[in-house]
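In the two complexes that follow, subunit A is the common piece, with subunit B as its partner first and subunit C second.
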Partner chain A sequence: MFSFSTRPARIAAFFAIVLALVVVLFPFVWVFLESIKPPSLGGRPDVWVFPPTGDNWNNVLFQSDVPSNILNSFFVAFATVAIALLVGCPAAYAFSRFRGYHGARYSILAAEMMPPAILILPFFLVLYHLQMIDSLAGVIAAHLSFVVPVVTWFMIGFFDEVPRDLEHQAMVDGYTRFQAFYKVILPAVRPGIGAAGVFGFVLSWNDLFYALLLTGGESRTLPVAIAGYWTFRGVDMGKMAVAILIAVIPVLILSFFIQKHLVRGIGGGAVKY
Partner chain B sequence: MQLKHRFVLPLALVLSAVMLYPVAFSAWISLHDYRLTRLNDVRWVGLDNYTFIATDPGFLNAMGNTITFVIGAVTLELILGLGLAILLQRLVRFQNFIRSTLLAPMFITPIAVGLMFRFLLNSELGVISHYLGEIGISIDWFGPQLALFSIILIDVWQWTPFMVLMFLAGLESLPKAPFEAARIDGASAWLTFRSVTLPMLRPVITVAIIIRALDAFKVFEYVFAITRGGPGDATETIMYYIYQAGFRFFRMGEAAAAAFLLIVVILVLVIALVKATKSNTEAPNDV
Partner chain C sequence: MSYVSLKSVRKKFGAVEVLKGVYLDIGRHQFTVLLGPSGCGKSTTLRLVAGLEPVSDGQIFIDGQDVTMLEPRERDIAMVFQNYALYPTMTVEQNMGFGLKAKNVPASEIRTAVHKAADLLDITPLLARKPGALSGGQQQRVAIGRAIVRQPKLFLFDEPLSNLDAKLRVETRAEILNLHKRLNATTIYVTHDQEEAMTMADRIVIMNQGVIEQEGTPEDVFFHPASRMVAAFIGSPVMNFFDGVGTADGNIETPVGIFKGFPQVKAGQKVEIGIRPDDLLPAEPGDNTVTGQVQLSELLGVRAIIHLQTENGSAFKAVVDHEIYREMKLANDASFTVREGRLHVFDSQSGQRL
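Moving on to the complex of A and B:
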């Protein structure tokens, strides 16, 4: 399986990889088993074989608020990414192409690093005064603060790789600069737009901190709902397991498609590989 | 308006609304006695919040915990990530399956990761604790001694994949010639790694450490999901401290001051890190 030159090295490498796979996969396997355990066996650490039941799944999917939490999370992530791409793409193009934006490039990176602790207080207070705590619009605004910089940073890297001749040719053919950007360059970075969009979606979908403080009741997102399954008042393992899997599965599927593009995106044109 | 500015204008407007304005507002809050319970009585206090926070044992403890957490987690992730990346690069079969499986944890919502491990490591319900108990090992994962270390391990589980991703890309882009030369000279695998691979990977390693460390400073979800800062204040991190100050004790002024002090600490560390790695890369390599 490995291209190491000696046999002991190959064997050691094999066991190391198997160990890594077990460490990564075991938590998912156990959480899945918990989700289909009959309630009488719930939370028992020594039970591996049992008649599976769909009770927990039924309960969470059809008799709890989780479906509306999923819709909230999806709506927030989708709206955030749409706005982020709309404002991020033209700006990233400008940072990649025009002179005089060297500093701007790195202030985008600095914005990406801003601790949420600084932003949460003003967001909370402003939304409180507007009586918009518990609204999805508030969470979307808060999520824009980290998704917009990330998406812009990603796109700079992708635009950097498009040869300048492409839009020059288009402009010779009579396009304006904006038309060249819109009709020639954007289609050329389509995989990058997809990767940046999916990555931004995952970041928003996964956020707990802002959603915890800016939503409640009807507007709760999925991570906030998951956090509610284990409180000081008690825990329902089976239902929590279902909620965890529901939050995790779509993200894993999405992430599978963007892994190839992720490194270039994170590097943002600052790291040349 | 110049054409190039028109491309940037929408971004500038959005970021002014969701970043510049909140940061300025936060700075203003940090200079006032601003309590959520007394919104009609907000008083200017100058730097009082800063001097209070900078000498508050709770804040210093949280800062210490956070720095321990960041150094511990990033170091372990760096070593494991480098090792796994080298193994994955040499993998010739089942490449896609194994790579995407090992990268999976970094995409999962941290609150779910926190609750999963709280469940797995729980002293009564946890499957890991149960089987360790069977062979006579009893570990109180979230007790006063180990809680911070357990939180570090959870972070390592979730974020080592990020290091793997960065290093794999770095390794695959390295030129082949220096490795050929080392092989012809009869260099051992260890010597090749130390004097060829590592120096050439250094820029990628620096970027990966900085990105990961900055992210690790924001650790909140595992603490929220598992220990709520306890036992005592053993796992209270800066983000959790600020969350408590602002939203449980409603002292917005102090919370804002703590957030700005956090930025100062982060800036100092990043500059130190960049300086340290710069002087290293400029040193001559004896390859």
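Moving on to the complex of A and C:
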């Protein structure tokens, strides 16, 4: 194992870490400062000293549509994840146990390789004819197009780690293959389900592209609301900063809980432990 | 009347035929061991009996019922896997009761059955634990316990001891045998370890390349191996083999000497003679003897394994008593005769016993 054993090496490592933290954390600090800047100084990044104000927070939290946009985002993300897990887990199990061509599992990633711009037009047309433009169900459908493959890919790796003998044992013990799947195999991959769910949640939560084009008015999600502060009169930086910080919080909390499983899941079926 | 019966069972994986028409009859209450080198089809046979793989052709009967098309859960069998396959999220007690739960047995009855089996196996203190907190030997006992709780028609064991260390393996071996005697259940046990097979089996079924080479009691397969493969597979140290040719007067001529009295061998027929190292007795040189130069000797305790080489360079081994071992000097010649009736003759082409 590599270690920093000499004193100069340790000091160099320390400064490297500090530098990385500054680069990564600076935008957060800056956004926070923007959120408490008086509106008169909005959009002036060169001003560092000012009397802080709570006006932006007060406005966004109590006088705007942002709280209902947050609820929309939560609803979309939860529904997307629930459906994605319901579809993705059985699919991943099937891919994991499939004995034919091993490359079949990579086909699930094909959907991820397309730029979303290719899908948006068909989506828009289909939803338009179904009169589902400007509905949360439409956004959920769009989000499923990229969350299902990710969840499936994630879960394949976890199912691969469960020995086949486990379901065989359950089948000998008197259960059907499907019962073996949900009574024995699913509980065994619970950490994976959690990680895949959180990952899918974040993907849906952060999506701006589909939500911007498919929603409006009542059905706007949080990222769309954030973008809404960019108006033809200019960027309302202070309020936008508040909304951004609110959007980041759930992602931060969730990522903290699943960081360990995240790496394992992304490795998917390709990496064996 | 046989209890488990395989009729012309074939199994193909793609183009590869793993089982090439297996006929097998197993009596009620018998402990049958399927033995063979890896890839011989013994585990596949077991999985077909369990119903975990569909047969490609043929029929399987259990207790008179044709189960060929039945699901594993409909066959009333219990199986112990090599890696134990304990349900990781359940406690030992839940693991053991899981099979009864499938049959909708009332919880109180499950509890009684599980505790009875746990007592039998000395694992009562472990009941509340999860499999992850158990040692390999304990997991093995839980797996066996889970099997006996069910009181199935048939027990299947798939190399259950191969993940245990040598000492534990011998102990568990005895324990499984005791359990078999108490429960008197019909058992099919798969192993590649010939010692396990010899010590445990009522009947040994030796498989090779998808067919049954020989079936019989441990004595049968040891003293009357039906083919060269069986002869070479059973016994330790491994049987010595010498090439030979039949002569017109019913003898076998080999590079190591002439062996007399084999009327079943035709003149000119190419054969191999097989002699177990334990069946070589020190003797004066002459007919029906093998002579070699001592290359190496390994003292095991009371007995010793002597490695020898004949004049023409073929190596063989002899197992001798401690006293004889002391007389054997490195690089000296030693001659052995073969114990009465213990010389095996196999056809070179077919490998069959003559």
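We adopt the following convention: the second predicted complex is superposed on the first by the 249 of 273 C-alpha atoms of A that agree within 3 Å, B and C clash if a C-alpha of one lies under 4 Å from a C-alpha of the other, contacts with A are read in each partner's own complex, and residues count from 1 in each chain.
Basically, a contact is a pair of C-beta atoms (placed from the backbone, for glycine too) under 8 Å apart; a residue touches a chain by one contact, two chains touch by 3 or more.
Remember, it's a predicted structure, so these values are computed and weren't measured experimentally.
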Superpose on subunit A as described above, then tell me if subunit B and subunit C fit or clash.
fit
For A:D165 in the superposed arrangement: first (subunit B), second (subunit C), both or neither?
second
First (subunit B), second (subunit C), both or neither touched by A:D173:
second
Degrees between the directions from subunit A toward subunit B and toward subunit C, using C-alpha centres, nearest 10
90
Kindly classify A:A247 by the partners it touches after superposition: subunit B alone (first), subunit C alone (second), both, or neither?
first
Using the touch definition from the top, say if A:V184 reaches subunit B (first), subunit C (second), both or neither.
second
Of subunit C and subunit B, partner touching more subunit A residues
B
Quote the smallest CA-to-CA distance from subunit B to subunit C in the superposed model, rounded to whole Å.
12
Inside the complex, what are the residues of subunit C that reach subunit A?
50-52, 71-73, 77-79, 81-83, 85, 87-89, 98-99, 102-103, 146, 150, 156
Which stretch or stretches of subunit A touch subunit B in the complex?
1-4, 9, 13, 16-17, 20-21, 23-25, 27, 30-31, 34, 43-46, 83, 86-88, 90-91, 93-95, 97-98, 100-101, 104, 111, 113-126, 141-142, 144-145, 148-149, 152, 177-178, 181, 202, 205-209, 212-213, 222-223, 226-227, 229-230, 237, 240-241, 244, 247-248, 251-252, 254-256, 259, 262-263, 266-267, 270-271, 273
Provide the residue numbers of subunit A that touch subunit C in the complex, in ascending order.
163, 165-166, 168-176, 179, 184, 187-188, 190
Residues of subunit B touching subunit A in their complex?
3-4, 7-8, 10-15, 17-19, 21-23, 25-26, 29, 83-84, 87-88, 90-94, 98-105, 107-112, 115-120, 124-127, 129-131, 157, 165-166, 168-170, 172-173, 189, 203-204, 207, 211, 214, 217-218, 220-221, 224-225, 238-239, 242-243, 246-247, 252, 255-256, 258-260, 262-263, 266
